[in-house]
Every structure is written in structure tokens, then in C-alpha cells.
């Protein structure tokens, strides 16, 4: 199927497998004249690369990005930008065993049913390494958004039963612990919890939150292309995400209109503000000028060393213990992926919004003439 | 913006406002040779039309559908199908007042910011009536799916604090209470709760669940077009939905790999089954042959008669009491909308999956030749 | 298949058959705030409606358009615009005969092969009436373009062997003869030629040219979405068009670089102009600021009363004489269809071009803030 | 803009510039299980690579392709296929001069107007090398089509005033002369003509024809996605193409219904055939089972060494003589590009046609179950 592209106007198309020659992405629809170097992208890739702590896989990849096209004299040219990250530390032989059976919690069985066979080495296209292209493209989106006054901040809200304490919330600590948690005390407890998981050959789920600062009102669409719907798709398209909620999210189910509606007030300068942000910055599919805030639930790493029951390709029932280099929790490395996917979505919809009003269009082309 | 279309291969495009001449939808990509009459569609529209009970708006609309194109001699022709529902009971004068201010919980402010003005009559395009086109198209999708052995069942899981009791779960009772709850006792408690809400000029949120039976394995896509991502977008594109989860959903965050992975077993006939369904029928973006199960959180009706604070177009702070004919809860009438959006998504992805394997394609065209 | 939509950003989706209830179009992506009434659209539809002269079908259709959505208080709202034209003078019984055989030059056989059956009444979806939706949408595109200083002018270049004389070219006469020819003398000769065709129960082909005035430079795209490629698709998607050329077109094949290249010159004010316009206003897929000029070849009306050989559904070889109300030449009524399709293409690509430069985007959103 | 992708279901996205690090393409939507090696692709690239004769640029590029993803154990996996060709013989310093002025017949001025600047080295993205991605993807499409019994054959019809003689038409000679002409005598005259052009520092245009054998009837779509419209867009998106015609093409303008209609006849076995093929294999946008035949006009190479008038970036009028390694005619190397673009279009539309009939869909999924 044709599912490796994302976006309508700012479009990305990714490729690559865990143990193939590499992974990459084409960004099509990036405006001309944006300063761009490999360093801009590398800093984002470094946040998802393996080996950052003892809680991540030991696979030795520097994940160094190379810009192949679309940049000239340090600036984007407006044509398609091709980025590549070469794989360097494939240990494909580790995976011969899993070629023969269907790992629980993985898509092995689904792939074989759909395609007739699969690239089993490290999960092939369904590997977490698939997100390299997303993050590389997301770095460019973030750079564009920054010039428009929009910044994104994603972080870990919980790992297993360990949640951050909203009273201790400290955004500056996000980059200072291996779990990207905005609460150093919680990060310490998470470390203890993960040690226990690893000893038990088990793994943990968790939750990620993302805030988008500086979002102007009026972005999004009233029907199918609602801003929240596109954010939801973006986030739910990341492997291991099983839930998405915006603003008050699932708690609205037990709320009332009076408790859930956000009142408007005008200040003395005529600026209109919402008194609360239950909506999470989007109502009716369109941004309302408040911070956008959403959360995603991440399932536990399915590859665990503990004994599991499954079936092999000969349709025999067997017991397995999965070997290889697996993160005991997906959450920390998924944080930058969530941020990237949100950035891609916001950029795409900002661009698409430029034709919302006839007067803006007339003004735009008149400006160009003069 | 260009956001009134949904789907890649089975595409729908909707139009219409609450107080305009009517609403409708074009279905493009419907295969030829499907028996189709207005009755097939009307039965779905009747599930969402107003006036079904005292818990829904009194607006008197029969919501009668007319097929304008794409059907000949009782069968679809393979060309675009146009459906229309005329509005009949508009009371636009009720809405002159709201033209002047921004209703909390609504997108009035966002629309004005985006478009410069808005059709304020009954919410215009952002009205719940916008879903008429979705349901009319969904009825066709459901008819297609039925021929492929796939059926969908959506129902109310909770209204405010009133949840169904899983032990009392009775799918046959869904159509027998005004809330589309699969638990008659819970429906009775929900009625009491809503009476109280209405007396307090307040409204209630709730939760909807949807099960898709008969889904074959191998449908979906590994990257951006994951089946769960497209279902998520479909559901989050319905007004008032603030959260979406699949399978164990948000509870995976506190789970472990051992508790969350679904084991496979082969029976004596070599049929491979999952022992549990934590995944909700989709792993790695591709269906696994189990029932697909997902939930959505619906916010409380934002239009309430209780006093609220807001701002008018002159940027003055005011108090308002919203008049008009509003449902005290959106959930019951949204049930069929959720089912419809899921059906559109599944149909689109089933069709898209037909080119997954070269051998299937060769076989398909060889069959056509002979 | 899903082929009733056109455009990426300014999208139209059409529906309807010759003898169904009517025909129509949804325009999605029209900016808010454009003044729009049914009169704006009717004037374009009147240029293609039947019965304008004795050289067109006698079918009695006023082709009156109704706006169903997307316009409020006389202005577009930014949401999808639905337009409908009801059929009124169907004589479906005329067509029972053609249900049984495959008309030469028509797609009857192709439809049956593709879909298994067809709506044979007046050609169903493949009727020339299918273009009603294109013209109705094109009228809106033309209104948008006019506000941006862009106007389109299409006319008949030839009917059968009768071509206009470039020395007599008089654009003001286009609307003054039934063939939309910019040369009254040629129009007179065309009338004589068509009389002869009609007497011989035969029909004629012809050629249409279109000029786009006021097109700014820099619109289009370097690779697959070249402006000329999209214009070509737009025009070739009109039934009966068998060829498309831009600028010097097919004559470039025998030209040399020296004769075909357009030199640039700067005038005293620093304005850069091309000395010639062999390119037809587009080079490398991007407009160069000159007039865009292209031509299309229209095949003769395939429905003719003269005796033809064909096959019926029982696969018997038969002779036929097609009855019914057919134009002896398609060209005159296709002129406004060509103009409309060009307008849709130009509007779509102008809108898409707004994100070509980072500095423009920053400027756009800064303007919105202030 | 977002214009580097082509196709709806079988999608390709290209990248790369003449003097960048390389060029490539992602193919998304290729079915799983197709045998594929670099050799399959290289044979097509070799037909367009420079240095095949003295009539092509001396740039020394082997244009060796590397498969980066989407193939495992020699077969496509169904996920995105990434192909790369590294540039090796860039002489960028040759191009410093052209950075300063606008070459006649090129898009330099248009690029600067659109993007604000341009990668001037060898034309950047607008170089003929851009077609490498098209040909690499086209090779895969051709391999798919061959398995479905469809083959494509493109060749040179004319170079400047030298046309092939239809009486001498010999398809087997296409690969035996440097111009890919199916007439060795014409090829000899073309060589003489080009020698003369080269001596005069001038260049030549020409014409390409393409025949598609084995095309089943019933492929295509009745409205905007007509098979001929998509072929037209595909071909017109190739740089230097100024005209496209199908079947009798522009000559239909002077034809009559009687001369242009193709009669049907059934043979003794009940097979329905057309007696003639004026339509070129497509009527009403849908294939009719005959050979598809179309032609394209190619403009003369705009880069010529003869003196030309133009303007520099300082808006001064100047005279130039373009240096560098340029083909005196584009046609021969464009032949395989035309064939490739046609193959991409046909593959995309064949795949899209699989959902035309409900009975086929039911049959398809029933087959999968059993």
C-alpha cells in the first residue's frame, strides 16, 4: 500500500528498514530560503538515537544524517529535500530465530498475512528505527515553526505506575534525565521501576504529553481535516501508541457543560482570552489561540526476554524468549517522535490555512507584484 | 480550506449547514453493481435524526434522503453518488442573538478569526447536522462491508457518571433505549441523570464504544496509514470527540509487556488465534483478525441554558443564557456517526489493501481475462 | 474509481448523469469572503447550455443553478459550496435502443467492460452534460482570478477545415456568433460547412484556443506538477479532446534552439520581458509572466445519423443510425468548458504557490498577528 | 510546492539536482513479492545515461543505481522502495557564469521569481538529470506490467525535419541506432542533420511516439481521471515536452464523425474488436482493448553555443554563448523517459481499477479467506 507519506501541503515520505542499508525521508513542499544544515537535524536525531542511557538498546548507531538534495548555499531551494541515515550496527543474525515465529505484541503475523512474507531482521519496516525519517523531517518543521513564533515541548508524563507530580513540574529538567521527564524526583523513581522490569525480563508502558506554545487562533478546518483529528492521526501513526486525547480528554465523558466550557473574557486592550483551557487549544477543529495540549498512551515494549507462548510458521505452538537489544520502555525515545509528528501536522495545517480568506489572498498577490 | 473530503480510494465529500437549504454528500469510488435504495440509507439517518426522545432537540426534521446520481436500475453505476437531505424546520431567528457573541465551548470565535465572519444560524457548518453526510455515506459503506462479512456495532458506554455494567452487557438492547446503551438498567439511570442535568440547565458528556466484527487479518499499513491512525482521525474528526483509544487504550501506560502482549495459539486445524485481545484487533497498524474495538470520549453539549460568561463582537464582557433546541447530551445521536466513520475508514482501507501482493494482482487480472 | 475530483487545494467534485435527477458540483477550498450569487454562475452555464442556435441539440434545458451551501449573506463562508442543476427535459425513451448496442466513438463498450453495465440514457455519466459541474465551478474560479488581475479567453480556432484568419482576429466577436469564433467571416463559412455536415448526417471536429491574461511569473512547479502538465490534464479530461499543445506546440519538433528560444530584454525601468512567446507563457513548468496560450483538438461528435457498423450486446454485427438530439459539432459548447478547466487549474496552482518562499510565509503570519 | 510526487495508488516521489550529491526516487505502493534487483533498473537507466553516442553530452556518469530499501531476499516487501544514483562527474565551475544571467528557453528567470534564488549548477532541479528518478521507478512499473501481459514501446518519430518513413517502420531497429528510431535510413539522415546543427552551434527538436501493447479494456475513469488525461499529464510533466496527442490527435479537428469513429465487429468466437483505432485505444477516458498510441513534441535543447540575447541579474541586457556539455537534441534520451512515465500511469490506473465492481471485490476477499 501507499502509506509512507504524511501531509497535504508540507509532505514527507519515509523509507527504510531496521537492518537494511539505511533510512531516510523526502520532504516535499518545504519553502525556499530556510537556512538548513545537517546540524539542525542531527540535534533532533540525537534525542531518539540508541545508547543514550542504560535504559535503551545497546545498538551502536550514531544515526548521522546526510542532506542529499534540496539545499544550496545553506538554504532550502523549495524543491524536495532528501535525507539519509545509514545503518551501521546491524546484527542481523540475531534475528534468524524470529524469522520462524510470530512475536506476541508485534505485527509479524499481520505482515505475513498481508504481504506473504516479511523482512524479519529487527522488525524490518515496523522497527522503531522507522521513526528516524519522521524525526529528521520534524526537525525541519520545528525550524519553520520557530520562525513563526511556535514552539513544541513534549515530555514523559508517566512510566508504568510512576507519574510526574504536577506540583514539581519543571520543563527545564526534561533534557536532564534519561526519561525526558519534567520532574527529577519522578525520573529517579522511574529508574528504580525500570530496573525491576529489566530484572524480571519484562517491560513498561507510559504516557507522553505535548504542549504547543504560540499557536495562533484560526488554524484548522471544520470537518474532516480538524486540527485535532490530524494531530490524532499523526500521533496514532507512531508504533506502540494506543490512545490519544486532547485538553481534558477522556475526563470530559464525566463532565458537564458548565464544568467543561471555557469562558471568554476581553481585557482592557480588547484582547480576547479564554479563562480556562479545557479544550486543549482546539474547538470545532480550529485552534483558539490557547496552548495546544495533548497526551498519548504508549504500550510496553513487546520484545521481552520472559517466556511467552506463540506459534511458528509451521503452525506449531511453542514457547519463546526473545533475545536481542531491546529498550525496556519505548516512552523516552518516543518523546521526540511525538514532538516531530506534531510539528509536521502543525506546519502542514498552517500552510494550508493561508487560503482561508479571499482578502488575504488578494493582499498576498498584490504584495508580490509591488 | 479543502477539508470536506475523507478517504483515499472510497472518498466522501460533504456539504451543508444547519440552516441552509440542506446537507449532503458525494460518494466517489463506490464500486458498480451494489444494490442501493434510499431505504438503505434512511435507516441509518433515522438513528441520528432529532426528536427520537425527549432527550433530543425538538427540531422537526424527517431528514429524508434523496439519491441524485450514481444509481441506475437499483444498482450503483460506479460513478459518483450524490445524496441530499433538505432542511425543513429551520428557525433561524432563534439565532440572531448568538450572531453577536462567542458561545463558550463552540467554535464561533475560531471561525471569526479564521474566516472573518460566520454563518451563525444554528452553528452553520459546525452544527451537529454536518454529520448527516457522514451517516448517509456510512450507510453505503456498511452495506458494502456486510457483503464482505464485516459488521459494525457502536453503542453508548457511559453518560456522565453512569456507565454500563459489563456483566449486564446485552447488545440486543442497544436499539431499545433512547441512549443506545447495551444495558437497560444503566439506560434507566442515565435517564434520571439527564433529567437532573436538564433541570439544572446543564448538559452531560459520555463515552462511545465500537466493535468491528468479521475483520480479516492483514488490512492496514505499517507507517502513516496505520488502520488505527485512520480510525483515530475518522473519530476525532467528529465534533465533540476529545479522546480516542483502541484495545486496552490508555491503560497500557501502566501495563507491562507480559500483561499487554497477546499470545498466539494454533488450533488443531492450523487456525492461528490470539488468546487475548489487548491490542483491540490491530498491531503495527495492521489488523490481526480479532475484533477491532475502540472507544471515544464525547464532551458535554456546549449549548446550555445556564448562565455563562463570554465576550461579544464589540469585545464587551457579557453574561449569556443560550436559547434554542439543544440536546442535553450528544452521545446517543453520535453513536451512529461513530459507526459510520468507522465503516468509511474500514471500507477505504480494505479497498486500498487489494494491491498489497503481486500474486493477488496477477490473479485478479487473469481472472478478468478469462 | 474515485475520479470525480479535480485540484489539490481548490478542489472540485462533480456528480450527475444526462438523464438522472440533475448534475452538480462541490467546491471545497474556496476562500471565505468572496461575493457570490447564482447570477455569477448562470452566465457561464448559459454559454454551454443547449438550444443557443440551430447548431446545437434541441433539448430544452434552462440549466438553472441553485446554490445549496457555502454562501451566507451573499459571501462565501470558506466551507464547501454545493451547486445543483436539475434535469428537466429528459427523453429517456429515445435511448432504449442504444442500451442494446455499442455506439462507435462512444465509451459504451468500455463502460460495460469496466462496470458490468451502464446508465445508457443519454450517455449517463459520459454525457456532455457532465461538464455542467465543471463550468459552474469554473465560474467561481474565474471570479477569484479576476480579483487577482487574471482573465481567461477561450474561443474556437477552427471547425472542420474552416480556420479563423489570424489577420481578422477580433476577440470582441467571440460572443457574437454561435461558434464563439473571433472572426465573423470564418464563422459564416463554418455555418455553411456545418449545414453540409448536417445534411450528410455527419458531424465535424475542430480546435479551441485559450489565452490567459495577467498571469504572474513564478506560478507552477518544477517536476510532476508543472503548470503545463496540469493544464494538459485538465483539458484532456474533457470528453472528445484528443490533443493538447502549449505555445508553439507540435511545431517545436521541427524547430531549432535559435528559432524556439525566447530572448529576454530589460526595459529602462528594469522590467524584464521576453521578446517572443514561443513557450506559451510557461517554461520548466513555471509561468514566465507572458500570456499563457494553449490549444486543444476536439473530435467530431460521435453520435451521427448516418449508417454505421457495430455490435450489440448479444455480440451480433449490426448496422445502426443513431437517433436523438445531437450537436453536429462539440466545439462551440466546449469553449466555456475549456475556459473553466483552465481557470480551475490556475486557481489551484496560484493557491498552492503561496508557500513557495519562507519569507512570504513569515510575512503572511506576521501580518495576521498585527 | 509539493510537486515531486506522481500517482495515486502506485506513488513515486523523486529528488535530486544535477550537481548535488545524487538523485533518487521512492516508490510507495509497489506490491510485495515482485522479484527485483538493481539489474532490472539499470537496463532502463542505461538507455538514458549520457555518453551513449557523440550526439549526447560528454558528462561521464555511469548512473549506477543502488536499492536502499523495500527489497528483501530479492523480492519487494510491499513497503517503500528507495533508489539512489550518486552524481560523480559534476563540473560545477562550468556554471558559475550562468548563475548571473537568465538562459533563454530555460526556467532560470521563473525559478528566481518563484523561489528568490536557484541552484544554478547544471540547472539544479530543472536539469534533465531530474528524470533519473522517473526512469528508475518506471523500470519497476514496466516489470509489474510485463507480468500482467502489458508491454510499452517508445521511439523517436522525428528529429527536426527528419521523420521516419512509416513504410520502413522496423521496431527491432529502435535499439540499433543512437536516436532510437525505428527506421535505420531515417536515423542516418538524422545524424547528418544533427551534425549540421552542431556545426551551427544550434540544436533540434523532435517527436516521440509510444505504443502500449496488451492493454485490457475497461481501465481508466470517466471524468477527471481519464486514462488519456493522466497519460497527458505524465508526458507533459517531462521537461521540454510542448504537445501531447492520442490516436489521431490533432488531425481529428478536420475529421468528420464518419471518418473518425471506430466501428465494432464481433468475430466468430464472440470477441469484439474495433475495425480501426482512430481513438488510440481510449474512448471516454477508458481503454477499449486496442493498442494505446500517443505522441509527444519535444522542443530543441535550449542550451546552445550560438549567440543569444538575454538579461543578467543586474537587469542589464547582454549577449551570451552558453558553454558546457549539452546534447544537440533531447529526443533520444527522452524516449525512455516517455516510456517510463507511461508505465507509471498505466500501473497506477490498473491498480486503481481493481475496485470498479462490487462482484470483483467480493470475489477477491472470498478468495483470500479460502
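Quick notes on this one:
Each chain carries a letter (A, B, C and D) given by its place in the written order, and its residues are counted from 1.
The criterion applied here is as follows: a contact is a pair of C-beta atoms (placed from the backbone, for glycine too) under 8 Å apart; a residue touches a chain by one contact, two chains touch by 3 or more.
On a predicted model such as this, the values are computed, not experimentally measured, just so you know.
Each of A-C and B-C has its own count of C-beta contacts, and the greater count is at B-C.
Between chain C and chain D, the superposing rotation on Cα atoms measures out at 180°, rounded to the nearest 5. Of all chains, the one whose CA centroid is most distant from that of chain B is D.
Chain C and chain D have Cα centroids lying 26 Å from one another. Averaged Cα coordinates give chain A a centre that lies 44 Å from the centre of chain C.
Rounded to whole angstrom, the centroid-to-centroid distance between chain B and chain C, based on C-alpha atoms, equals 38 Å. Among the residues of chain C, those in touch with two or more other chains are 1-5, 8-10, 14, 29, 32-33, 78-80, 114-116, 125, 218, 222-223, 352, 355-357, 359. Residue ranges on chain B touching chain C, taken from their complex, read 1-5, 7-11, 13-17, 20-24, 26, 28-29, 32-33, 66-70, 72-73, 75, 77-82, 84, 114-119, 121, 124-125.
Residues of chain B that touch chain A in their complex: 1-6, 8, 14, 102, 104-107, 109-111, 113-116, 125-126, 130, 158, 160-161, 197, 202-207, 217-226, 228-230, 232-234, 236-237, 239, 242-266, 270, 272, 275, 279-280, 283-289, 297-304, 306, 308-311, 315-317, 352-353, 355-357, 359. Those residues of chain B whose C-beta lies close enough to touch chain D in the complex are 8-10, 29, 31-34, 76, 78-80, 144, 147-149, 216, 218, 222-223, 350-352, 354-365, 367-369.
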